[in-house]
């Protein structure tokens, strides 16, 4: 009896899309106004989906309070009110695109959630742009 | 030409998470404030997704008015303004967790919708917590 | 320079619309299915609007963290996962209609927020029904 | 490293569900008030999901500005403020049901987006009715 | 004790902005693509706000079921799946702009709701455009 | 016949709450994590409400396309993908709190919209925090 639960979370952060090994012109060409030097920011919204076997005794897949606290501790507190380029070690060598932020969050949660449970992340950067990882097909 | 349609619905109900065969302490430990003795409640929101072969003549998968009425008759009227623990036979021996409510709704609709159509239920219990059944992977 | 800030909050509770001094028939006639004996429930959403003079030095009307904590402490924790009829003293002699809940929340916050600030409450009981107090005209 | 991005878009259009080769009675019987002769309309909302391999150098799946412009040019401008039955050649021989509109949009975008990328369309016709194509699993 | 309640409703309709006494050029100049000859349409959303004195005995301003039915009967059924220009007598001599639709709905409800209650209408034509009548101070 | 129209807009920006004439300790004490040195950011959402006399001939208060373009030109392009503290002259001597941003937007639009029309701004900084100016009472 495989089932999924989804918990929503959010954080606010600054970033810019910028590769230090490229010229400013190339950054501007590839990333547009998202490479503006003084940063801009977003309210990131997050759907964390957990999939696995339902426990028939409790009718629960995974304790929602535990899931909520894991997301708070490892994602919300870590990303909230930060500058992704300057404050987070994960983006020293990676451009903080929505795609990369989504994968970084997946990797962080993958380490603290039981391997018997699958994880899927949906991240919105603006009300019109979203990323999902891993891709479902 | 397989396609899906989704119809949204909702109902308001009271419940508590409680297993009568457990002590109050164990219920409180596993279910937290959700086991408060006098019940609490939610506005449950429902996405019913139906998947199957499109009828090329009408350009319709399944008549939406029929789907709407089946959901009203078998789910909305049955659950709305009810106490899930006390009023619904399905939860006499099952804890009314969001996971179990989602599966019960799936089972109810499975009996009244053609077997040639797949059903998928997404249930939200609060604006931040959702369940999906069956799991898509 | 008068300005308003709004903070959103929410809680989940059970209730029924019922006047003990009336017969069951009269309760059913006036309150309909909302008077069902075993209770039902809602995800209540709350907009607390605070209005007053902006502090020109800080550019702040009222510290949002303080407002958030006052709402948590006096409203969210007090109402969340409760049965309004059975657990809250305010509804011993008052029917917990959305209108009365909205006024009770106003009265609670009025006691803990500076008199120099006006308060306005918007409460949603379902995605389609809202109450506002005091009326703005 | 397969990942998905989603871009939201919308357009407003008039339509009626009507098959010219059927009698008015049969149209009314199958399509109900959606076959009213003078048309009605909707704010259609669109989620275009693109899935493929992430470019590890840029951290980007597909340039969002390009995606936004392709949707604007080929879908939003083409459908917006139009009468689907009278103004669009695609619906000369096809009933403009939500299912058929969704497939037509898929076919339009399939021609202008790289074959190495998968496309998935979610279309809402009203806040309660949605269609997805192609069906997932 | 003045208080307000709000009930949400919606309908789907076709329209065009067009004054028959003007030339097509003048209509196009003033109303833009909204004057396209074959109509376009919207999902209109409606907030009906009712303001008055709370009944201290019931804790109710106005019975919500009555309000819901008045809106259904006089607004939703009357406007839904219609062509505002061709099917509704109110727009024979008035352009069906969002402003005029909002005032027409106000006038319709004003006739069927007690004079002791104030009415305020908020109408959305698209997710980004709204009208409110009467204007609040 | 006074009526209001509302147009929604949005922009993404970075900021920090910081008064240069204060010590870092005092900034941290008053503004909390919002004073983090490397900035953070938000998706700001904006409701611009315009109030005035309806033109009875066109049924229009103010041309929505004109309003949309004024907001785009003077607000969206000016604020979007910017660092409010570093890039905008308005915040050289003013802390970019949500309250001050709301007033700055009001002042910008007040200069380009006819004096016969009233303006009211609602700004959301996060999904839970909003500001309104001028205060309505």
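A few points about this structure:
Note that the chains are named A, B, C, D, E and F in the order they appear, and that numbering of residues resets to 1 at the start of each chain.
Here is the rule we go by: a residue touches a chain if its C-beta (ideal position, glycine included) is under 8 Å from a C-beta of that chain, and two chains touch if they have at least 3 such contacts.
For clarity, every value in this text was computed on a predicted model and none was experimentally measured.
Of all chains, the one whose CA centroid is most distant from that of chain B is F.
Interface residue usage between chain B and chain C, two copies of one sequence, is largely shared: over half of the residue numbers at the contact are used by both copies. With centres defined by CA atoms alone, the chain at the far end from chain A is E. Separation between the centroids of chain C and chain F, computed from CA atoms only, is 28 Å. Mean C-alpha positions place chain A and chain E at a centre distance of 41 Å.
The set of chain A residues that touch two or more partner chains comprises 127, 136.
Contact between chains, per the stated criterion, is found for A-B, A-D, A-F, B-C, B-D, C-E, C-F, D-E, E-F. Put simply, chain B touches chain A in their complex at residues 19, 30, 32, 94-100, 102-103, 127-137.
In the complex of the two chains, the chain C residues touching chain B come out as 10, 12-15, 33-34, 36, 38-43, 45, 80-83, 86-87, 126-127. Looking at the complex, you find that chain C touches chain F at residues 1-9, 49, 51-52, 54, 57-61, 64-65, 118, 136.
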